[in-house]
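As written, the chain order gives the labels A, B, C, D and E, with residue 1 at the start of each chain.
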Amino acid sequence: MYCNKIPDKPVDNEKIWKKLDDLARANSLWITAYGTGCGAIELRPLHTSRFDMERFGIAMRPTPRQSDVLIISGYLSVKTLKRVIRVYEQIQDPKYILALGSCTIDGGMYFDSYNTINILDRYIPVDVYVNGCMPRPEAVIDGFILLMKKIKEGKAVGWKRYKENLEYYRKNQREIIRNWDLPDYNW
Amino acid sequence: MNVFYWTVAGTASGLIIVGLWGVLTRKNILRIGLAFTIADTGVNLLLVWSGYLPGRTTPILNGDVPAAEAVSAVVDPLPQALVLTSIVIGVAVAALFVVVAVLASRRLGTADIRRMKELKW
Amino acid sequence: MIRTLFVLLVLLVLAAAATSVIPHLKMRTELDGAGLEYARRGLEDTGSINLVTAVIVAYRGLDTLGEVVVLFSAATSVMLILSLFPLGRGPTDPSFIVAHTARVLPAPIMLLAVYFTTHSHLSPGGGFPGGTIMASAFLLVMLGSSSTPAGSKILPALEALSGTTFGLLGLWGTMTLGQFLNNRVIGIGNPGYLVSAGIIPLVSLAIGVKVASEFSGIFAAFRKSGGNR
Amino acid sequence: MVTALAVFLPLLGAFLTAWLTHRNERLSLLITRLFLLAGLAAILVIAARLGAVTDGGLENTMILRTGVMTPPLSIDLKVTGWSALAAVVVYVGALLGVGRFSGRIPGTQPLLLTLVTTSLGLMFATDFFNSFVFIEIGSIITIGLTAAGRCRRRWEVALKTAMISGLVTILYLLAVVIVYRTTGELRLTAISTMTGFPAILVSGLLLTVIMTEIKAFPLSGWGLDFYQGVDKNFAAVYSSTWSLAVLLWSARMLTVLPLPDPGVLARIGAGGLVLGQLAGLRQRDPGRMMGYSTSAYASILLILAGTVHGADYLSLTLLFFTFASLSKTTVFLMADPEEEDDPWKKVSGYVLLLPLLCITGIPPFPVFWAKIRMLTVLADISPLLMGAVILGLFFESVYIYRLWSSRTGPWQKKRKYFDAAFMGAALLAAGTVWTAAGAEQGLSLSGELFRAGFVRDLFLAIFAGGTLLSLPGAFRGGPGEKSPAVWMLVSGVALTLLPLSGNGLTFYVLWEISAFAAVIGVSKGARPSEGTFWFAVFAGAAGYLLLASLVLSDGAVSSPGIPMLLVAAAALLKMGQGGAHLWNVRAYSTAPSTMAAFLSGTSSKAAVFLLVFSASAAAILPLGTSLAWIGALTALGMAAMASLESDYKKVLAYASVSQLGYVIMGIGLTSVLGWTAAIYHTFNHFLFKSILFLGAAGVIARTGTSDYDSLGGLVKRMPLTFTFTLISVIAFAGVPPLSGFGSKWLLYNALVEQGMLPLALVAMFASVVAFLYAFRLLYAVFLGQLAPRHYEVKEAPLAVLAPQGVFTAVLMALSFRPTLLLDRLVPAVASIAGLGGEIPVIEGTALSTSLGYWDAWSVGMMVMGVFGFAFVFYWISGRRPIHVGQLDIGFAGELPPSPEEVHYAGDFFRPFRRALAFLPEIHASKVFGGIVKTADLAGDVFRSLFTGDARTYLLHSLIILTVMILWMKGGTP
Amino acid sequence: MTRLLVSVILTSLGALVYGLLLGGVSRVITASIHGRIGPRLTQNFIDLWKLFRKESSIHHGTMFWMAPMFRLTGGIGVLLLVPIIAGNSVLTNMSFSGDLLLVLYFMFFGCLGMALGAGDSGHPYAVVAVSRGLLQMSAYELSFSAAVLVLALGLGTFSIENIVSAQQGGILNWNVFRFPFATAAALITFLPMNMTYPFNIVLAPQEIPIGPPTEYSSRFLSFMFSGRAIFGVAKLILFVNLFFGGAGSWSSLLIKTFLLYMYPLFVSPVFPRFRTEQSVRFLWFVPTSLVAVDLLRVIL
């Protein structure tokens, strides 16, 4: 019922279009509309006329299949992590992760909770962190611009890292998620 | 003689009507059988009556009635023959009816025809 | 009550409607139709003095055969039903009078019956009255005892024999004269004598025996159905 | 001599067995059989001598004189060819029944033998009083054997019979007195010379006697009770001997009754037929149903006596009553009298079918020939009377079908139940062949029937091809089904012969054979009773309508419009149009799937053929608009129903009816374009509906279910089936470039040409709604989530797959080159007289009218080109995608619970249901339920006459007698 | 033949570009209505390229695979069947192979393919959306085809070219003035046809993310977008041809289609979404009764 195929390691063999591709990718960031934590409330203003993220070509997509960016909006509990892993793996390459708030960096005010993730990067590859508790929309946009810059420079390669070090990430994930029932890779 | 003739006819018709009335209104099956016999009797009487001719004798051509005068002396022999048959048939039917009625009332525990309506519609 | 009244109403209306037939059924003063013919030529045709017997046995012999069959069917049916569904009530002991009468009377009764049967073409009587009388003798015998008379065993045989005789006598006519139950197969002889009128006496006898055995059979069946002592 | 032997041998046997019966039962039974055989031989000799089976032989006479001299003094028995043949049946019936009845109940042989003699005597009797004697013997034996039979309610039945015969005795003897006093003799023929009130009185008395004896409604109460309660094996004997004898004697009596107006008989009969059979509609007790059927035949006798005369009368009565009696005997022989509540419980409907169909008079069974001739005569006298008779016969067939279709028991293996019954069935079959061989022909449908030419050949191809291609899959039934192959073949062969039939009668016979073979085929399904019953009822109704039209168009009285109307109604019923889809849905969904494919794909085209060929365009013109509207509304309504249905086969059934709505629409237009559209669509529908149903057959055979909720995802297991289904769905949805669009294009052109824009709109709406069920069908069965229990499902069997392949190939060819068909079809349709409108022009691959144009080839090429380009472009433009698992879907980060829960198939178009909520719910089942309920209520009124109280029955007789006397008295000055 | 081929390719490409551009314009205008800056005009091209160049993609089965091709074929097919510029022998493309009826029915081709792909994806939301979409389609097709049939009956032809030529010679000959009610109805059905508010029940992202293409990604999605863009242009041209006098030249074509394209923009941003049954009933009754007026005029 699930496709259990482990993805191939990414290879850079298409040099010709790369520049153009990166440009397009940077200017067309589609977000998975998925609020993982308290920070999701800060994303809504991005639509409004005051912040208007559409001018950067950023749009919300309701399905991971069509999006490029997953925003981790705040702390992740163990329970949410499982869902995040599944959503992240279902996004097609190339894909980027924008982590919002202190909690994603070091656990923030929940650092000693039995049930939250302290260092997100151990479980999924984060491309850009935006700190603050919570970061304001302006900060989020700033994070996006940083992400766009990284993409244009070809440095936003979290997705490659994830594929190359899948065993490492899986080990960490399995450590913290006790009732692990996801397939080998969530296509 | 006419009076006698019509009296017999009237009696016979009366018997038939009484018999039919009995058949249609009595509830006990044995009485219904009896009513049938009454009506049957009426019919037989009517049958004999139909062969009646005033002042004539039996259709037996012995010394009293010479064969040559038979035509003007005897009553009609045919109804007499018919009524014999009819009576015998009546007896046979009555016997069978009684047997069925008796057995029916024994087996069904009642002689009331209103209880024998299991088959309907 | 309503039902009774309704029934009465229907019957009266029916009777009233049927009264219109009265003018058509006025008393006859002269013979007509088939009756006339019978009276005129009955003796000549059949050799039977008794015209009723002539009609019953000769002219309309088929009716009589049917009549016999009616009895036969009824008797067989009654016997069959009673054998399948016994009444289950045994006979009581006959009273002294009945018991003794049953010893004396049957013989004269039989004599009368035989006379009736064999002289059907000469005098009032015939197979049916004769047979019935014979059966009454049998009935008397049976009432006189508390069991089924031993003679009842031969009743079916008698019945079969007489019935077959009747049938064969009829077929004889067909074979010789092409007319079923024609009594003239052996000539009509001298009217007025015992041996005359063709096979009428024979047929009467057969009828008598048949009727007697059938009625007796019915009586016996009732007795058997009740169970012997 | 032989005559005497034939009549009296059984009697001698009776005397003999009466003696033997309690002594040696086996010998007695042997003797019984021997005497019966000897008698049979004798009567056969007589029949042969009289030349009874040749023309005019029925009236040849042989006289058995009895007593001295000649009638009126003595009595004759008169054997005619007519009564000799009936006597043969009497003997046969007795021979068939003797083992089953007398073999079981010792001591009944003499009575049985006597009953034979009596029956013969009654049939041959020429004397009024002699008949009485025979009637009495018959009654006595009936009472006796009823009481002796193995049945719980024997006493009640015997008593009722005895009371009835008591009344008959009285009434009859009264008649004897009057007859003798007024005519002076007792020959039957003398009665007819009577005049005045005695004649009326005697007529009344005798008519009452006859109606009571033959159990004509409303004097049939005791007969119904009799058949319900009596020992069924005795009923077997009774039907062929005494019942038949009484019927035939009554047939003779009715001709000599001095009635003021014999037409009265027909009216009494027709009224009794309709009302009596109406009362029987609701009947559930099988024995009683046979009683009602007997009552129907009694009414038929009255009708015949009132309308038919001479040689026709003889042959008709003979055909009707001998075969009906023999059939009834066969039915009763199959009963197991030990089963009190339902003696046929263990008998499978399959076995019962032949005799039951015989009784209902479906062609080619003998009663049919009689029926059609009777109707022909009636049509000349009064079409209204004919209509009443047809209605009554239809009612009869309804409960007979119910009797049949509710028998679902397995094949009864015990030989003792079936030896006699099989012999009866064999005799019936032989009789069928014999009468069919000698059947009178020469009736024809109105109009220009059976024109040879392309259109006819096209239908021929549809019928033959459809049969051949549906057949391979039919050899093995689906889960829980039996193989309908034989019946499909019979039905298909009859269908194939349909276009070749030379006249209307042949057409009708083939039509009915095809329909009822199909009914049997349907009964092989897993849940057969309901669908079979409704199919049979509707097929029967269509058949009767067709019959009525056939007879009326042959007659002189009516206008030509009415037969056309009836034909149209029959075709509509057959195609399930205008609310008649009830049967399609029920039959298709319960039938074996291949049978459904045959019915929907092939068999339904017979109705189109009927319309196209029987309707001269001029005759159909007045009906045209109504037909078109019926078709359009059916197309729309059924499409909506199909969208809301969630059973695979039911959806296909609705879809089938909906698609045929377009055909009706096209025919209703009576223009060249319309008819071209209709016939073209017929062919299309033949192709894609066959594919769809065969595909369904494969799916159901593999998965064992036809419920949308439990299917899904099968494309991964049955890719070929899916492909074929997909193609046919695209075709019937009318999406270019496949062929369904062609018919739509023609149809809209025709509609707009005729200015029928509202119709076009409805058609358009229907075709859009068709998308709903088209997609739902594909999705719910083949797409979506594959349930784990279907993981092991294999591709459909080759026997249904290969025909689908063939159909699909034809469909594809037709899609890209419709001119292959249209090249010939358009001129053929254009040559049909009376069709107006313009003729479409074909140039190369393009088709054009003054309104528009359509080039299927270039459209096809364009689609293939663009599609191919897109495909290739996709293929070369990047990496192959990864094929993921069925539950690898974006599910809000969750793992989907299970395929079944994710598969969204049930109540798929719920918003549609909601949007339609403003409409009152009019289900055909409710409409028909209402009709059935009304008929039941009406029937209950008449049923309540039969209170079960024997005295009431006697009272009925007396009331009828009174009424008749008063009526006739008032009628004559 | 070669000319035809070239014309076909160019028309398709042109329509793609034009369709994407129109999409961009509409996004910008919508943003303006919202008081935002909005994306670049070329945003749609960027999105398309991004999708087309995604590194990986998944598929669920053959029908899933083929659905984007169906969509594309449907779009291009309708485009090719409609004569683009009246009198221009090249730009009539394939319109010789079928009339208005063919176009009407060919419009289902892409929808059907899309629906099949959505079904094959096995995603319940996709199928819910298909159910809604088909229902809505069945509703708007009723009034749209009614309007079209009124035109056909009124002008006595099913041929689009003939319909266009019948509208020549002055603005009052346009069908929008000859059949105002039918045109109004058709314009109402234009909204659900383009899946804009208030008829946006198929792609309703807040209810059923995001309808049929839920499972589509990467190149599949780019094909679908292209197909939709081309199909949109084809529909515009069809409407212009049917109701607005057709296009005699490039400029009139661009102006007319652009204006027609703008019209939903001024309706959709201010409306909430219908429920499915509301939408269906609205489309059954309101536009159809409008058509009925013209229908009566034509028949009488």
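Keep in mind that, in the parts below, a contact is a pair of C-beta atoms (placed from the backbone, for glycine too) under 8 Å apart; a residue touches a chain by one contact, two chains touch by 3 or more.
Treat the numbers as computed from the prediction; the structure is a model and nothing was measured.
Novice: State the remaining connectivity among chains, in groups separated by ' | ', when chain D is set aside.
Specialist: If we ignore chain D, what remains breaks up, so that the groups are A, E | B, C.
Novice: Measuring centre to centre, with centres taken as mean CA positions, what chain is farthest from chain C?
Specialist: Taking each chain's C-alpha mean as its centre, the farthest from chain C is A.
Novice: Hey, which pair has more contacts between C-betas, C-D or A-E?
Specialist: Here the pair linked by more C-beta pairs in contact is C-D.
Novice: Averaging the CA atoms per chain, pick out the one whose centre lands closest to the mean of every protein CA shown.
Specialist: D
Novice: So what's the Cα centroid distance for chain B and chain E, whole Å?
Specialist: It comes to 98 Å between the two C-alpha centres.
Novice: Rounded to the nearest whole Å, what is the centre-to-centre distance of chain A and chain D, using the mean of the C-alpha atoms as each centre?
Specialist: 71
Novice: Roughly how far is chain B from chain C, centre to centre by C-alpha average, rounded to an integer in Å?
Specialist: Once rounded, the distance between the two centres reads 16 Å.
Novice: Averaged over CA atoms, how far is the centre of chain C from the centre of chain E? Could you give it in whole Å?
Specialist: So the centre of chain C lies 104 Å away from the centre of chain E.
Novice: Residues touching two or more other chains, restricted to chain D: which are they?
Specialist: Chain D, residues with two or more chain partners: 129, 133, 136, 140, 143-144, 147, 180-181, 186, 882-884, 886-888, 890, 899, 955, 958.
Novice: Of all residues in chain A, which are in touch with two or more distinct other chains?
Specialist: Touching at least two other chains: 3, 63, 65, 187.
Novice: For chain C, what residues touch not just one other chain but two or more?
Specialist: Touching at least two other chains: 7, 11, 25, 34-36, 38, 60, 63, 66-67, 70, 73-74, 77-78, 81.
Novice: Spell out all pairs of chains that touch, sorted by label.
Specialist: So, checking each combination of chains, I get A-D, A-E, B-C, B-D, C-D, D-E as the touching pairs.
Novice: Could you list, by residue number, the parts of chain B that touch chain C in their complex?
Specialist: So the residues of chain B in touch with chain C come to 1-2, 5, 9, 13, 17, 20-21, 24-25, 50-54, 58-62, 67, 70-72, 74, 76-82, 84-85, 88-89, 91-93, 95-96, 99-100, 102-103, 106-107.
Novice: What residues of chain D sit close enough to touch chain A in their complex?
Specialist: Spelled out, the residues of chain D in touch with chain A are 788, 882-888, 890, 892-895, 899.
Novice: Under the touch definition given earlier, write down the residues of chain E that touch chain A in their complex.
Specialist: 27, 31, 34-40, 43, 46-47, 49-51, 53-58, 205-206, 209-210, 213-218, 221
Novice: List the residues on chain B that touch chain D in their complex, please.
Specialist: Going by the criterion above, the answer is residues 16, 19-20, 23-25, 29, 32, 36, 39-40, 43-44, 46-47, 50, 78-79, 82, 85-86, 89-90, 92-93, 96-97, 99-101, 103-104, 107-108, 113-114, 116-121.
Novice: Within their complex, state which residues of chain C touch chain D.
Specialist: Going by the criterion above, the answer is residues 7, 10-11, 13-14, 17-18, 20-21, 24-25, 32-38, 41, 45-46, 58-63, 66-67, 69-70, 72-74, 76-81, 83-84, 156-157, 159-160, 163-164, 167-168, 170-171, 173-175, 178-184.
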